[in-house]
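Two complexes, one shared chain (chain A), two partners (chain B, chain C).
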Partner chain A sequence: MSLPAFLGRRLLQLIPTLIFILIVVFVLVRLLPGDPASAILGDRALDADVERINRELGLDRPLPVQFWAFVQSVFTGNLGNSISMKIPVTQLIWERLPITMLLTFMAALIAVVVAVPLAFVAALRRDRIADSAIRGAFQVGLSMPVFYVGLILLTVFGAKLRWFPVGGYGDGFVDQLYHLFLPAVTLALSLSAILMRNLRSAIIGVVDAEYVTFARAKGLRPRLILFRHILRNALISTLTLFGLSIGTLLGGAVITESVFAVPGAGRLMIDSIYGRDYPVVQGLTIALAVLVSLTFLLTDILQAWLDPRVTR
Partner chain B sequence: MTLTRAKVLAAAATVLMGTTALVQAQERGGVMTFGRYADSLFLDPVLNDANVDIWILSNMYDTLLLPTADGQSVEAGLATDWSVSDDGTVVTLTLRDGITFSDGSPITTEDVIWSLDRARNPDNGIWNFLLSAVSEVTAPDDTTIEIQLSQPDPAILPALSVFNTAILPKDAFEAMPGETDLEKATAFAENPIGSGPFVLESWDRGSTLKLVKNEHYWADGEDGEKLPYLDGVTFEIIPDDATRILRLQSGEIDGAELIPFARVAELEADPNIDMELFPSTRVADIILNVRPELDGEANPLSDEKVRQAMNYATNKDAIIQVVTFGVGTPTSSYMSSTTPLHTGDGAVFPYDLEQAQRLMSESEYPDGFSASILTLAGNQDELGIATALQQMWSQIGIDLEIEQVDNATRTEQYRNGTFQMRAGAWTNDIADPSQITSYFAYSPTIDALHSGWKSEEVDSLFEASQSEMDEETRAEQYARIQEIYNQTGPIILLYETPYPVALQQNVKGFYQIPLGNNIFRETYLETE
Partner chain C sequence: MSEPILRVRGLTTTFGDGALHAVRDVSFDVMPGEVLGLVGESGSGKSVTLRSLLRLLPAGGRVAGSVCWHGRDVLAMNEAELRGVRGGEISMIFQEPMTALNPVLPIRVQIEENLRAHTKLDGRGRRARARELMDLVGIPDAARRLDEFPHQFSGGMRQRAMIAIALASDPKLLLADEPTTALDVTIQDQILKLILELRDELAMSVVFVTHDLGVVSATCDRMAVMYAGRIVEEGAVADVFACPRHAYTHGLLGSVPQAGAERSMLLSIEGTPPGLARIPEGCAFNPRCDFATDICRRTRPRLAEMSPGHHAACHNAGAVAAAGSPVRRAMRDG
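Let's turn to the complex of A and B:
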């Protein structure tokens, strides 16, 4: 099968996934106890107010009717209005999701830049001091809670040393990158540890493979062996792990955004779940699902390029 | 005299502000950055439903009357004079001369009538009950407003100082796109024209909300200069408590709200920080479901002796130490000591374990029982209270199970009346005891906090007090309501706490009134 055909098949597979997600998110958000009116009005809710709000929101209609209206509006690109903020969900996603995407992208980049070279050093110096030091350091990073790491970074590099702002989100792209650096490092920490460990063992596995021994015997230059034979083959499994981790990374952004006061989609999601803001939860879930699916697709393409057996 | 603390503080603040004005003649501009725990949701005076909106709305929209700094009474706002007719059915107000909206257009009687009509429309929002006595609003001439009441309403003047009676420009609002009031309000809130000291400049949701000075604002400060002093207020949303404090300490923001009680002492000791505790109307308590049966079984909490035993067995001082780090004070009634017509002095049920054990043995449950309490997941205060109660009530044979749930879940069980006990907190929205009493004690509103508690005497006293124009009689009615409710009500009385706000030392003239409104009108940043 050619690459375009492979791509086409993968894109087609996205459709049932997305339909499934539509159903799941619609049902799940309604399975949560409580309703938007009680969540918004809280303890002061009067029965009459709750009934009026549910009627205004169309939540008194039968579920199949609500679901059909939801599906129709999704396919016309209209995700409805936020119940608590009244403004269109698409506007909210457009304001908040790019921030989370940028944060996730920066975190992924930092994780890769840190993990790949160190994995090489650790693998090629296996069981020596460098290896133990790197693995030990990452073990510590992996076992520390995200909010705690975030607060330490904020206190040391923000409040004490004044190298970075103490949270928030700047004006203009460069300032925003500057504001997002510490949160991205926080978010990258556990991912880089996982990637490093995975890549290290993959490299160790490949280094001892017969084709590498054969390449050495042929007298190929070590640099060529390292990049073309070892790295390329070792990356295959790590890449899959990396693709799968993007979803986790988006989830981790929720905590990181709260600690660093970054106005991203993660915080919006949490607030909306607590507030039972159905349209926002639904809209954001769909947007995130599309994003994660596209990441998987990209991973598949990269994998097909690294490992031609995939498309066969 | 029950309001000493509030009054002393207010007086001290006035004196202090007066002296600074004399000693230092300085520029009073600047932009103040204020760290908030959560963003506003919908900044419409009538259709909002959350404290995150209520507590800053008055900076953007003025009302005919304003709440005084102590939150006890009213003073002149957009109206300069007001009077209530002898029979209590007509309120007459005189509009201030030459007042305009932030776009320079005049504020007319037409705007006032339209704004009040919108605020009292039963289809609009959840606050119209505050104006339920109003039958008609008219303007006999260009500067006079007459409010006709269907029955006397002793709370009508405070109601005219509550956020939902703010005055908006009728023409600008009605020119907005959309069919319904909600659609127009949504469009208007994006680019509002206000009558308050500030006007919205920009809003990045979840991040920053910027207010700038309303150049057309009517009031002058004590130094004779025009208010507001500040050029603007920027609200930054910093949900994490530790980060909010860190940003204040690093000098990136000028003020931070809702400081956790655990950090108050530390910030009070910090010479660079001015740790303020503004008197509030916030009370914390435990609400008990007192229906005779729950889930088909006899309910021990329906036994008055059991409830009193639980109250006596509750060591308020210990809870105040553990949960509020000594910041709170025991409540002497279900309403805060800052609420008008509050009665009582000291805890209603002073901690007395022997008395509690005696009452328990006299009750129908001498061997105790098991029960569960709902607390808000992630809320350390409520968990702290519940854990303390678990230990304290084990002394009278109650086996307490703590259930941590999210707000919507709790509200559902609460509204269904299927909960056993829950932690609760309340803040008044109006400088009058009627709102809290309607929810807490008057059974037709929400079954006395959905507890199923009912007292014929309280219900009829409350109904009478709602149209009682004689202050003394109304005070007597409220004294009796409080006596009955505090002694026999569906509630464990705990404590009241102030609003903890931390400021930079150069922030002057900021205050939060007991109802929660953050007042930036007279705030300025002192420059050296």
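Let's turn to the complex of A and C:
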């Protein structure tokens, strides 16, 4: 199979995925306990008012009709209006989602920058002091809950040392990066531990591979052997893990944003769930799901580039 | 007679802080243009010996002794000198081309990186040489196949590709670690022929590690039989086959099925080779040996010259020789 054919097939696979996402989102939101009318009107609402609200929101119609309307609106780019904030959901997503994407991207970047070199050191010094120290440190990192790490970082680097702001989101790109740094580190911690462990064992598996011995037998320079022969092969499995972790990372962003008071999509999601703001929850979930699907697509493309056995 | 191009003396390879001796006190010479077979069962130390020549050992392996190549000791070289010898002057091919070729790199890259390391060819020169090498090892449609990946080749073609990579920079010695073991018999034959042709064409020597005595008789000029990390018998292939002097060699020859010979019981050597950690006292082979006497259990026999150029380390070499070669009749009739 050629690369274009592979890409074409991979893109086609996105379609059933997206349909499935729409169904799940639609059903899940309606399975939430409580209903939007009472959330809007409060506990002592009159039945007549509840009925009126339900009619306005189209919630009195049969479920298949609601679903069809939902699908139509999604494909026309209209995700409805927020019930509590009275503004279009798309506008909310445009405002909040980029913040979460930036946070996730920073966290992924930090995780990779930390994990890759340390994995190398640990793998090439297997079972020596450096290896044990690195693995021990990451083990601690991996076993601490995200919110707890976030609180520690906040207390030490925010409140005590005052190196970083304790929360919120700055003005201008650089200030935003500055505000997002601690949350990103918090988020990156467990991912970097997972990546480090995976890459370390992948490298150990590759170092003793016959083709690495052959590369040495050819008299190649160690650096060439390391990057061309060892790293590239070791990265194949780690890349898959990395792609799959992006979804988890977005989930972690929800908690991290709450701890650091970052006004991102995670915070918006939690607020909307509490407020039974169906349209926002639906819209955000779809946006996040599409984002994750695209990440998987990107991972597969990178994978095909790294490993020719995928496509040829 | 001309000078040997490779002179190995007292080669000893240990693992795990010197606790395990995989190779002990191995010495041999390789003459220009010669094919030397290193023969033995799995675990006899033949592959480790081969890898030790280029210091290609996994972590924890240590090599002592001397490997004299054109007046320089490979074991004493610094990293840069060693890189010059590896792939440039002495090349190596492996048993399993599927695992010895990097799965994610096209064959072209794997050939050209060798040329880049050892020649002054520019990009165009390297491309031309890569194509030439593919022709040399008999891979048709070279231009297209160069851009393919190892998994797109058949087993025999993969082995040819590996040979092309190993020979890229005109080495004078080829170390072949069971290069045909993983192949079908017909393909095996083609590859052996190819290696012999290339030996003549490129005027190189070959050290051929194998457990297959059929391969040895078909390809090698001289052979060295290894057991438990030591050479136990060494000599011209015809001499050793005609008159084995070590009980182990005698047993090995008896275990080879012979075409054309009248039907007879296939002999086998009872038991398994000893593990590195528990090599028996005296002659390492004595627990499995039909000729063993008291002295074999006490004293390790030294390698001694039995006839010109034929050495064996066996207390009962006389008795073994008197028993006659298991293949003698077949060789005479064939």
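Keep in mind that, in the parts below, the second predicted complex is superposed on the first by the 307 of 312 C-alpha atoms of A that agree within 3 Å, B and C clash if a C-alpha of one lies under 4 Å from a C-alpha of the other, contacts with A are read in each partner's own complex, and residues count from 1 in each chain.
As a working rule, a residue touches a chain if its C-beta (ideal position, glycine included) is under 8 Å from a C-beta of that chain, and two chains touch if they have at least 3 such contacts.
Given the structure is predicted, the values throughout are model-derived calculations rather than measurements.
**Student:** Should the superposition on chain A be reported as showing a clash between chain B and chain C, or a fit?
**Tutor:** fit
**Student:** Contacts for A:168 in the overlay, against chain B (first) and chain C (second): which applies, first, second, both or neither?
**Tutor:** first
**Student:** Spot which of chain B and chain C makes contact with more residues of chain A, would you?
**Tutor:** For chain A, the partner with the higher number of touched residues is B.
**Student:** Tell me which partner A:259 touches in the superposition: chain B (first), chain C (second), both or neither.
**Tutor:** first
**Student:** Touch check for A:306: first (chain B), second (chain C), both, or neither?
**Tutor:** After superposition on chain A, A:306 lies in contact with chain C alone.
**Student:** Going by the contact rule set out at the top, does A:92 touch chain B (first), chain C (second), both, or neither?
**Tutor:** So A:92 only meets chain B here.
**Student:** With both complexes superposed on chain A, which partner does A:42 reach: first (chain B), second (chain C), both or neither?
**Tutor:** In the superposed model, A:42 contacts chain B only, not chain C.
**Student:** Roughly how many degrees, to the nearest 10, is the angle at chain A when you join its Cα centre to the Cα centres of chain B and chain C?
**Tutor:** It works out to roughly 160 degrees.
**Student:** Counting only touches as set out at the top, which of chain B and chain C does A:220 meet: first, second, both, neither?
**Tutor:** A:220 sits against chain C, while chain B stays out of touch.
**Student:** Note down the smallest distance between any C-alpha of chain B and any C-alpha of chain C in the overlay, whole angstrom.
**Tutor:** 48
**Student:** Would you please give the residues of chain A that touch chain B in one complex and also touch chain C in the other complex?
**Tutor:** none
**Student:** Quick one: in the complex, what on chain A touches chain C?
**Tutor:** So the residues of chain A in touch with chain C come to 126, 208-211, 213-222, 224, 228-229, 232-233, 236, 306-309, 312.
**Student:** Along chain C, where are the residues that touch chain A in the complex?
**Tutor:** 51, 54, 56, 58-59, 79, 82-88, 91-92, 94, 96, 99-106, 109, 113-114, 117-118, 148-149, 151-152, 162, 165-166
**Student:** Could you list, by residue number, the parts of chain B that touch chain A in their complex?
**Tutor:** Where chain B meets chain A, its residues are 38, 41-42, 49-50, 123, 126, 182, 185-186, 189-190, 204-207, 236-240, 242-244, 246-247, 249-250, 252, 405-409, 411-415, 424, 426, 439, 445-446, 449.
**Student:** If we count contacts the way the header does, which residues on chain A are in touch with chain B in the complex?
**Tutor:** Listed in rising order, the residues of chain A that touch chain B are 32-35, 38-47, 49-50, 52, 56, 81, 84-87, 92, 95-96, 147, 151, 154-155, 158-159, 162, 165-169, 258-261, 263-264, 267-268, 271, 274-276.
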